[in-house]
Each structure stands twice: as structure tokens, then as C-alpha cells.
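Dropping the structures in below, format is C-alpha cells.
Note that chain A is present in both complexes that follow, paired respectively with chain B and with chain C.
Entry: the complex of A and B
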């Protein structure tokens, strides 16, 4: 058991060193990659790994007669999490989310440190030592804090009163609520009940199950299923409509939304935000087909009031495409990304 | 009169009251039942308290034109059934002082305040009698006479607190009605015209509730033994039945405002009051509110106990209020655990009712308020866990569990972080650009429901684990299969975690309608841990060896602040959710039926709403502190007797009644 702990401790020490070197640019930032598609779980596993090895290191130091003071354990752990969130995860996490994560981490560390009386006493001790100023060192430290903390607060206050030239933060509503119905080319579509007329089985009837079985496999490759190739000249029905939707997509949409539908088309980076990434589970995978139909038809200019600040330049495609063409494009987007449209049955 | 005769008289009075109260709902419903055929036949138009005269005129004129035997039929907007039009259409209001009188203040804010305060007190006085019923019953069935007395005292303490609050609830209810009548006369007139067939039931229920609660409280000492005690506890059942029906009737109003039914597109009543009450969201609202009231009531009583604990001057008092806080917290948390599932059901029904309403709530305009709500839920569970960890400190032998606290914290914090990750992120355009688009490859995955379901279930399962550790804190199982039992429990919890996390990941690879259904096995896993593991633990700990006594009163003050935190978070969250539920109607008084044309028909900023909620919370706590203080005025000091503390047993009541 002790051997295992030593191995864990050493592995942890190496991992921390590698992480620090990556952060400071002494090792390439992609030395240990965050693998696309698996990043959310990878991040959790990494954090769990670090918690495990920190415990092993703490245990071994304790056994060796060099216990790490509780207070510094807590402070070091908070610092580690803040650094991890800022420098390890990419693309960078916005400050607002890091602030939330950091606050919860501080609360968690407080709960850990004050979980029982002994830990709480150990945690408080260095703080009480400084406040009591029983030794010359602590007295100096207390004086330092007495001078330093007001200066720090003054600095914060001063900064907060400085004129700020940064762009203001935006709370952009990614999915504004759609209207109950929408009128396209003179026909009214009720968003709650309308269906994609091309999502059909070989008998020509609307069939979610059948069409869901034909979409590409999810995962890193997004591979086509063997018997579901829309570009097979013999493809009929649903797959034929997907192909037609694909043709329309590549004639009109891919310049912005990209040929992988990940929002990184030729013109994408001319916009901020860049166009929607359909391969992300937070976009079309969360919505009904009718929602996409409405957004494509009406474009950025048709966003409702709650869609402030209306940061979308997508044209209202109803001015360029027929209703059928829009439905086929929507069909293709779901097929290509391997997502299923939201339904309520 | 001799003692025996007096008892007999009380028995007869109490029995008579019981029978009367049980028959009351039937009697009260009689007029409604009898009036239904008349309504269906076109009579009894709900005109009383209706819209202002000029609004009602066109309808009257129309009715006059078609005077004769001809009956007009309308189609129910929700049930899609046909019914005979028996009411006036919803008034079409305009932005003027006739429909929306001005008092140099935002009327909506005044109404918000009155409504919220009434709701806080209403929730509290509906929840506390349920506690009393449970605790009094525990006292009756307890074989230990001393424990029975303590439970009885505790139940009495609870009802005493709620009695003053009950008067305040009634006062606030009156203020609320006056506020409605004064500031929104057309709207209130329309609503009361729709609910006219049950308005008298509501009023009479309130009278019945008052009568019962006063008999229940003042009859406590007189009905403390034998059959009378059983009648007394049965009275609490009646009290709670009346209270629940009252709440359900009140819920039907808000259910109607959100998802109207029983009226046609113009808002005309179609004669079926059951349709009006039984709207799409009524049942989920009822379940959610009952659970919410219980959790809130538990939190408030726990905060009261914490306050008394912190103010205690003797060990005896500290021991009593420590125990009281623990019981209240346990009841509150017991109802907090199923609360997120009830909330999930409610949201699911909202989505199913109107997609745009669901998106406005959870993906659109109000999405950030849901992130704040998730934060509050996380705080509730974190506080509960923290309290139980602190409570381990008052048991000898529980130290062995304390070393694992840091790992529990890690699991809770990770679940919490995922649960609060926003889908709509607040960021500067520069950050947006650096992120390379609106969707973040990590946060985007945490920000959707599949991950969040995993997060909250992990949190709840960990809370169950903490509770089980607390239950076995100072005990050592003596059953022959203890080792096997421990391994089984460990494996069960490990499998539960794996299943919850796996289902959360699997949710990304399946259709949304199936994904929504995945919450069922996740919840089932969590509830299995709760019920099976708690039961198994109970069996394992039967006849267990005591490692040491529970030293009531010897708990850290931090634990009491955790209880206060718990109660404050409950209060804040109730205010927040009330605001969200109400504002999702956007510019409608009654969704898609009656438009809000007042100058205040816009959605407040998140900051303003947060300030308003905080003000409501502060006001409630200041007034409830006053109620607590009033409760202490009537306390007489119990004669001090030499007592020998019994290890592990709940402390003697600190006060008498």
C-alpha cells in the first residue's frame, strides 16, 4: 500500500511539474492534449487525479515527519484550481465562469478545512498567530498586513473608478424563445406541432425512428452508416432529401457554418461571434426542427426582442430559398452532425 | 364538574368538531356541484366582480343582440372541448389609470412584495402543521414515555411558532387582495369572475383552517391522554387536509394564469370549473409547492432553533435547541431531496405546454435566473452536508468518517460546478472571440440538461451517503453479516455513482425525447440509495454497539450558521422561483388570453430582480424574528430539577407550556 502511495505521489509530482512548465511556456502547451470530443470528462478525470495525488503527497509528507500545514494546503489547492482553470483549459474560459468556479472552490476548501474541529483549529492557527502577534516575526507580518491590506483595497477602489475602455460584457441569449407560429412564403407553421415533411420512411410517412437510424455515427469521426449514404445514386426518399439538403447547404451555408458544420467556414472569423457550431451538443441537438426552420427562414434580422444584442448576421433565407429547400437543409444538418431533433412524444 | 365529566365533555366537543370539520368540505362543495348543471345549461354567468363597466359593455351589447333561446358555444383553449359560453370575455385593457391606477410607484413591485410576503407566511403555516402531525404521532406511538413527552413538547413548540405566523398570513392575505383590487382592478375582476364558483369554498376553507388550528393549539393540554390524544392528532390530519386543499385552490389561480383552460380564445368561461382548476400545470405546481413548503418550513424552524441555540445561556437549553434544529433540518432535507425531481417534472410540463415558454425559462431570457437557482440548490445541499459533518463531532466514535470529508467535498463541488455551469455565458466580445465562438467545448457540454441531471443526482446521492454516515456515527453494527453488509453498501453506492455519470454521458448520444426520459433511471438510482441503503443501514444498526453518547448541545457554532444559511437560501430561492414563474408570462396577465397593457409589462433586469428578492427575504426574516420573539414572551420557566442526563437520549425540553 505504501509503495502504491509513493508511486501515486511521484506521478502526481511529475504531473504538477509538467503542468507548471506548460503554463509558463517551458513545455509546449499541447504536451498533454485535451482531446476534442472528450474534453469535459478529461477535465474531470484530471482534477480527480490531482486530488488523489495531492492526498498521497500529503500523506507521505506527514508520515515522513514533514507535514504540510493545513492552512497552506488549502491556499495551495485554491491557487492550483485557479491556475488550472485559467491556463490548462482551452479555449480560454470567460472570467465570469472562472469567477463562479473559483468562488465555489473557495467554499469547498472552507468546508474541507472546517469539516472537523481539529482541522479547523489547524487551519485557523496561522491566522490567529498573526493576529495575536506573539513572536517578532508574526508582529512584523501583522504590521505588514495592516499597511498592505488598506493599500490593496485602495488599489482595487482606484481601479474601479478608472474609466474603462473595454467593451461591455454581454449577456447574449443564445436561444431566444421562438414565436408560437411563423409565416414563411405565405404559409403559417405552428412551431409546436409542425413537422419536417422530408423526415419520412420509404412509405412516405413521417418517421423519426426510421430517419434517426440513418444519421451518421456520433463521435470523433462522424462516420456514415454502411447502408445510409445519401450520395449513393440509388438513394431514395429520406437519404435523397438529405443529399439535396446537403447540396443546398454547400451552395449557401458552408461559407460561414463550415464544411464540417462546426461554425468555422471561410468567412466565419469575420464575425464575432462566429457562426453557430452545429456539432456542439448545445445548439441544434437541444432544439426542435421547427426552431431551426424558423431561425433559418427569418435570419438574424428576425430575432425577437429578447435576442438582444441580435449578434447574428444570418440572412433571412426565406428570401433566397423555398420552404422545401429550408426543410431539406435542416434535415441535412441533423443527418451530418449525428444529432436528433428534440421531440416531445 | 369533576375531572372525568370535564374530560367527557371535551371528548364530545372534540368529536363534534371533528365530524363537523370532516363534513365541511362536502357541504362547501355542494353549491358548486349543484350549480354545475345550471352552468352547463347556460345560467349563472360569472359576472360578479367582473371587468369595469365599459369593458363589459361590448359583451353585454353582444349578448343583448343575440337575446333569445340561442346559446353560444366556445372551444376550450386547452381541452379543445366545446362548452356553452357563460362568461364575459377577458377585458382588453389600456394603459390608463382606469385599468391600472397610478400611485407614483411601480404597481407591479408593490404587488410583488405583497404576494411574496403572503406566500412566505402561507408556506410556513401550511408546512408546520404537517411537522406537528408527524412529530405528535411519533410521540404517541413511542414506547419510551420520556421520549414521547419530548416529541409532544417539540410538536407543541412548532405549532406555537406557527400560530402568530398564521395571524400574519391572514393579514398579509387581506393586504394582497386590497393591493390587487386597488392596483389591478380589471385583472382581478376577471380572475375572480372565472373562479367565482369556488370562491366561497376558498373563503370557507380558510375559516375551517382557522377554527381547526385554534382548537388544535388551545386544546393541547386538555387533550393530552387516551382517546382524546388520538382525536387531537386526528385533528392535525384534518387541519392538513384543509390546508392542502386551500393551497391547491390558490395554485389553480396561478396555474390558470400560466396555462389557461376552461375558457375560449376570448377568455370566456365555458361552464366547467374543473377545467379551469385542472390546467396543464396545476398538478406539477401542487406537488412542487407541497414539497417546497415542507422544506421551507423545516428550514425556518431549524433557523429558529439555531437562533435559540446561539442565544442559549445554559447547556440544557443548548442541548434542547440542538436537538430541535436537527429534527427540523432532517424533515426539511427529507423533503428537499425529492424537490428537484418535482421541479424537473414541472419544467417538463411547461415545455410540453408551450415550447417558447420553456425556452424563455431555461434557454432564453430567464436562463440566468435558473443558473442562480441552481446555485441556491447547491448551497442548500452543501449546507445540509456541512451541518451533518459538524454533527458527527458531537458523537464519540464518528471520527473515523471525518477523514473522508475532503473527498465528499470534492465530489459535491464537482457536481455543483457542473450544475451551475451556464449555457448562456456572460462575457465580453473579446472573450467571445478568444473562445472561438459561442460554444465552448467543455462548458458547452456542462451547460446542458444531461450533464446537469448527472450533477444534481451526484450531489443528492452524496447527501444520502453523508446522512447514512451520520446515522451510524457512534454505532458499531453487531449483526453477523456486518462485513458483507458494509461491502454491499459500498458497492451499491459505487454502482449508483457509475450509473448516474454514465447515463449523463449517454444522454449526449440519444434523441432528446429519450434523453429527457433518462432522468427517470437517474432519479430511480438516487432514490434507491435513499430508501434501500437507509433501510439496510437501519437493519444493520439494530442492536448496534454504542461507541459513545450523542452529546446534544456539543456541536460547533458553525453548524448553527449552516442552519441559518440553509433557511436563508430556501427563502431566497422561493422568492427567485416565484419571480421566474410569474415573469415567464412576459406581457400577459393570463397567458395568450389577457394581455398586460400596464406600463410595467416588461421583464426586469436580473440585478433589479435580485435586489427585490433580497429585500423580500430581509423583510420576511425581520418579521419572522419578531414572531419568534413574540413566541418567547409567553414562555414560563420550567422549575429547575436535578436531572441525570441519559447518554444518547434527546434532551429534556427547556421550557414548559
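Entry: the complex of A and C
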């Protein structure tokens, strides 16, 4: 048991050192990788790990006769969480959210500290010691605080009173409410009743079940089903339409939406709002196929006000593609991401 | 541990060497050649063994990866002719000849690939797939494909799609590895960089890469092995280096590319005619040219895009007196510059899939009457239309004049591949737009990024390389501009100079004009701004151009008095609070005693 604790403690110390080195850029920031798509789970797991090893370290310090005072344990833990949220989590979370997490952490630590009378006394003892200034050391410290705190606060408030010239924050609705129907190339499509004419079984009938069975598999890589290769020269029907849709996608759409449909195309870096990431479960997986058809046909310029039509560079694809081509591209996007289009029922 | 591993490696090499020697019968020539000197190998290189071929099940698994992910660009037969190929520049790799750009192996050799070990520095193709090729459409597949899937797909590519060569052909293939890990780098001292600066002249690097390394030396005559036009790299944008491995400022990558050359392109290996020391000097010099911030620190690179991080606010700083027209003037040099990133205009026809201008540096200052901008961007050529253009500067719908979008298929006469470097030359140009009457916009509404819309008009300032600087009104992407001659007269072109691959453009305009027509600046307000750029040698004209996202221009206000008053009040308050706490504590203690 003791050996295990030692290992945990050492592992924790190493992990903290690695994290700090990564934060200061002394080790490459991807030494411990953040796995794409699993970031929240990984974050919880890592934090749980750190809490565990901290307990081990604290226990070991106690055992070996160098106990860390409660007060400093609490401070160190709060500092650790704040640093972790700021530097480790990627993509970065905004300050307001971090402030919320930070407050929750402080409250939590406070509750931990004041759990019983004994702990609470231990916690406030260092503060009282400084206030009373019984020793020379504490006297110096107190003088330092008395002078330092007003100066620091002056600096902070000066900074916050400086005119803020950051980019203004604007909230955009990525998937605004669609219209009831849309007219493309002279034909009216009612969004509730229209169907993708290429989502068909070998008999040529609209068939969700048949086509859903042939999309790529979920899981790392999102690879195609072994016997459902759209590039097979013998591929007919649905799979052939997928390939044709893919050809159109890679001649037109991948510049922004990317080779892996994750919104990281060749031109994506220049644009704001950034192109949609279709592999994210919050985009096409949440939407009906006809919604995508409408969004693709009418593009950024066809969005309602809350979708920021002035800023989106998404082309109104009816200017570039035929209706059939648009349906095929939609078909391909669902195939390649391995998602089912949402249905109306 | 390390000792053990290197020993087992040595044994492996010995066994393999003996094996190969027996097969090929060329004993003793290179078996124990540790370093290049004296062995006939270039300095810093060492002979290696051909890797084993991957097993059939890995190849089969890789085929599945290839036909899900790669076929769309690299094509069914790996000939670099997938559906996307012709609208990309650089084009996707043609695997058939086994020609790969980024390698640790000597010029002309196959790159390192071993299906068993994805070790950095020992598996070139694996690293290419992992990190992608920045500056091209090849993305980083890390986090998308697992390590195993990446090795599988490479097993498929190297055995099935590399058709003219075989990795295990001991008759024709050799493997000479650059020993990048064991060569000691020379630190980028001032002397080293100075030596490098001289060496790039002596070694004729500047003939292609240009006097200032902006890729403007021989920009229009270079072709790759397949006859497609390519262009020399700009040393100032290290984040676009294909071999940067998502570590743009790492000098080792430059050293490697310089030592091994770029197969399939006119970039040779300099291993034979430079010493290792000289190569470090050159690499240090090239690295020193890459853009940096005002403190000389590397720019922060966004790992998702492999481009410098962007701040969408362009801050214009207050100055007293006249605005200088010399870009080297202290008032300009003191201003922080901000990078504006550009993509092709791919929203309306004619779309620009291959934009050659991908970033512009902007500085701005203002005095009580005027605001001035300095734009600097790389362009490999100064382009001025040879003849008078048949259309008016206000016209935007140019399809009737034959300005059409290129079809997506290679081989078609109008395709991008057929036209690259052979376009009709138009004027280089630059423009930016602000909303007219932005004060009345209900936030967050703005006029559309592409020349405004019917409801909200924009104030467009456009400069062309023929020397014209004009003010227009825009009212939609397909609506012809309207001249604003009154305002045109009030604007001033401070400077427009193309030198060694860099345009410097300085434009000054009044802060206030006619409220109903011209954008009226106010201090401390965010003015939505969009930038446009045309490269005349890319056939850019009309809507075929590069375009930025929405940025904001803001006139920095001087610091108000409140900024000093309130913090002082707060600090005084805190001092009083401290006194109160201490008195209370002291009283309490007294009471206790």
C-alpha cells in the first residue's frame, strides 16, 4: 500500500512538472496530447487523476514529517485549477466561464477548509499570525502586505479602467430557424415533405434504413464499411451517388469545410465565422436533410439576421450547382461523417 | 535504457548489413561508414537499410483508409488527379513515381518509411501524414486517424501506388540518412546569421528565392517533374514551409530541407557542395527572416490553422502634425502592426480558388484631420496591365469580357493548371471598405462583406498598380461601383512601391467627409472593415480576388483622466480598510487579555 502511494505521489509530481513545462513552452505543448473530440472527458479524467495524486502527495508529506499546512494546500489547489483551466484546456474557454469555474473551486476549497472546527482553526491560523505580527518575520510580512495590496489593487483597477480595445463580442446563431419552403432553380421544396432523391435502395425507392447501413463507421478515423466502397467501379445506386457527391464536394466545398469535413479547409483560416465542422455532433447530425439543402442552396447571404448574413462567405450554391448536385453533396456529407440525417418524426 | 536501445540498433544494423552484403556483393563500401567524410557520402549522412515491406493485412487495411480519406485528392491510382486536384495549388502529390518532397534521405532517394515505427525523425511519410503540409491542402491527420491507421494507409500507398519504384529493390534503391539528431546545431548568433546571408548569395539561393527571400527571384519559369508550374518559397512565412512539421520556427526543418532538397522540384540538395557548418549558417539566416513581433519574438501560430494568430482589431494611433510618407519614419515604425489573413473569394463567380496573396500587414495612424494606412504584402511580381482595359474601373460583372471561372478538370484548356503563370496580366490592386453611416447600424448588423448590399452601402477605397486611387460606393456583390469623385480628390496616395517581392502601399484619407456618402470616423468606435487584394499575375480582376474576414478599425482614444482617478480612490479606500481591520484585531486581543 505504501509503495503504491509512493508511486502515485511520484507520478503526480512528474505530471505536475510536465504540465508546468508544457505551459511555459519548455516542452512541446502536445507532449501529452488532447484527443480531439474527447476533450471534456479527458479533462475530467486528468483532474480526477491530479486530485488523486495530490492526496497521495499530501499523505506522504505527512508521513515523512513535512506536512504542508492546510492553508497552503488550499491556495495551491486553487492556483492549480486556475492554471489548468487557463493553459491546459484547448480550445481555450472564455474568461467569464473560467471565472465561474474558479468561483466554484474557491467555494469548494473553502467548504473543505471549514469542514470542522479543527480544520477551520488551522486554516485561519496563518492569517491571524500575520495580522498579530508576533514575530519579526510576520511583522515584515504584514508591512509588505499593507503596502503591497493597495499598490496591486491600484494596478489592477488602472488596467481595467484603460479603454478596452478588444474585439467586440457578437453572438451568432449558427443554425437559425429555417423557412417552411425554399425555391431553388424555379422549383419549390417544402422542407417538411421533401426527400433527397438519391437516398435510395437498389429498387430506386427512398430508403433511410438501406442507406444508413452503408455510411462510414463511427469511431476513430470514421472509415467506410469494408464492403461499401463508393470508388468500386461496380458501385451502383446510393454508393455511386455518394462518390459523385464527393467529387462535387472536393471541387467546391473542401476549400473551407476541409478534407475531413471538420471545417479546417485550405481557406478556412481567413474567415470569420469559421466554416461548419460536420464531424461535430452538433451540426448536420442534429439537422434534417432538407435543412442542409436549404442552407447549401441559399448560402450565407440567404440567412436570417441572427445568422449574420453579412459576414458568412458561404456561397449560395444555387449560383454554382444544380439541384441534383446539391442533393448529392448532402448525401456525401452524411456518408462521410457517418451520421444519420434527423427525421421529422 | 538509451544505451541498450542504441546497442540493439547497432546489432540490427550489423545483421542487416551482413545480410545485404551477401545479397548485393558490394562488401565494405559503406558497411561501417559512420560519418560522411571519407566514405563518399555527403557530410552529415549515413547509409541505412531498406525497410521491410509491410504485411498484406496492413496494406489491405490501408486501402480502406485511402478510399475513405485520400482518394478525393490523390486519385484512384494515386496519380495526384483526384476530383479536387485541379483547383489546388500546390497540387496533390502523384505517388506513382515515388517522388516525395520532405525527407531525411539524400536527393532522389525514397523517403523514410517503416511500418513498424512511427518515430519522429525516422519516418518521413508518417510525419507528413501526421503534421500535414502547411501552406497546402494536405491537412494534419493527427487526431483524425489513429497512429496505426496512418501506418496502414502509408503501407498501401508505398506498396500499391508507388508504381515505378519498390522500397525493397536492393538493385536500384539506396537509403542515405541525414543524421539530424546527432549533428550539433550551430546557435543562431549574429555572426552565424551574417555568414548565412553571404552564403545564400554565394550558393545562388537568391536566384530563385529573391534578394530578400520573398520567393520573387524566378517566380514564373519553374516547373515540377510533371510540368506543372510551381513557385519558390518565401522565407518570410515559415508557417507555410511544407516541411515545417507544425513547428514553424524550428531551424532544424530548414537544415533538413536544405540538406536533402525537395524531390520533384527545382530545389536541389546542397549536401554535396556545402559543409554541415555552412548549412547551419544558411538555415539560421533563413529562419531569422521569418516574420516576428515587435520584440523580435516568433509570432504565435494557431495550431488549428498553422497560420499566425489573428487579432481582428486594427488600432490607429494618434500622432501630432503631418503624417509622414516614409515607411521607415519613426511614427510608422513605432506603431504595432497587425496581420490580416486572406482567403480566395469563393462565394460568387468567378471564384478564386488559388489566391496568391494570403496575408497583409497593416499599420495605421491618425491626426486631427486624416487617417493613414500602411499595407505591406508579398507579391512575387509587380503587375501592371499592358494595355488599357476594355472595362471601366467601376464595373464588377466582367463575364461578358471573358473573365470566367476555371473548370474543375485538368486538361481542359481553361483549367487552372493550363493557365497558371500564363494569365493575362492585370493590375495588382488593393482595396478596403467601411460602412457608410455605420453610426445608424442596429448592432450587430453590417453591410455585407462583399461590397455592401442594397440596404447598407459601403465606402470603398481602391488603389490599382496603374497608380490610381479612387473612392467608390458599393451597394452589392453584383452591383457596379459608383464613383465618389469629391472624396477621391481628398484622398492622397502617400506611397506605392514594389521592391524585391514586397508591396508597400500608404494611403491617407480625411477622417470626416460627407456624412451621407463617406465613412465618418469617430474616436474609440469600432468601424467594420474588409480588405481585398488582387494579384495581377494570377489573373485577378473584378471578383476574382483575395478577401479578408471582417476586421475593426478603431481610432485609439487618448487615456482619459478617470483612468488615474478611480484606481487612486480605490487604493486609498483599501488603506483605510486595512487600518480598520488592524485596529479591530488589536482591540479584540486586548479585550481577551
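Methods note: the second predicted complex is superposed on the first by the 263 of 345 C-alpha atoms of A that agree within 3 Å, B and C clash if a C-alpha of one lies under 4 Å from a C-alpha of the other, contacts with A are read in each partner's own complex, and residues count from 1 in each chain.
Note that in this section contacts are C-beta pairs under 8 Å (C-beta built on N, C-alpha and C of every residue); 3 or more make two chains touch, one makes a residue touch a chain.
Quantities reported herein were computed from a predicted structural model and do not represent experimental measurements.
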So, does A:97 touch the first partner chain B, the second partner chain C, both, or neither?
first
With both complexes overlaid on chain A, does A:214 touch chain B (first), chain C (second), both or neither?
neither
Which of the two partners, first being chain B and second being chain C, lies in contact with A:286: first, second, both, or neither?
first
Of the two partner chains, chain B (first) and chain C (second), which one does A:146 touch, if any: first, second, both, or neither?
second
On the A-aligned overlay, A:170 touches which partner chain: chain B = first, chain C = second, or both, or neither?
both
Mind working out whether A:340 is in touch with chain B, chain C, both or neither, as first, second, both or neither?
first
For A:182, using the defined touch cut-off, is the partner it touches chain B, chain C, both, or neither? Pick first, second, both or neither.
neither
So, does A:299 touch the first partner chain B, the second partner chain C, both, or neither?
second
Touching A:251, do we find chain B (first), chain C (second), both, or neither?
second
Go through chain A and flag every residue that touches chain B in one model and chain C in the other.
36, 91, 166-168, 170, 264, 272
Sites on chain A touched by chain B in the complex:
34, 36, 39-41, 43-44, 47-48, 51, 55, 89, 91-97, 100-101, 104-105, 107-108, 111-112, 114-117, 120, 166-180, 191-192, 208, 212, 218, 263-264, 272-277, 280-283, 285-286, 288, 291, 306, 340-345
Going by the contact rule set out above, which residues of chain A touch chain C in the complex?
28-30, 33, 35-37, 91, 128, 131-132, 146, 149-151, 153-158, 161-163, 165-168, 170, 216, 220-224, 226, 229-231, 246-252, 254-256, 258-260, 262, 264-272, 299-301, 305, 308-311, 313-315, 319-320, 336
Sites on chain B touched by chain A in the complex:
351-352, 354-357, 359-360, 363-365, 367-368, 375, 378, 382, 385-386, 389-390, 392-393, 399, 402, 405-407, 409-410, 412-414, 416-417, 420-448, 450-451, 505, 508-513, 556, 558, 592, 603, 606
Quick one: in the complex, what on chain C touches chain A?
64-65, 67-69, 71-73, 76, 82-84, 87-88, 136-139, 141-146, 149, 247, 302-307, 311-313, 315, 341-344, 346-349, 351, 353, 355, 358, 408, 443-449, 453, 524, 526, 547-550, 552, 554, 556-557, 559-560, 562-564, 566-568, 570-572, 574-575, 578, 581-582, 585, 589
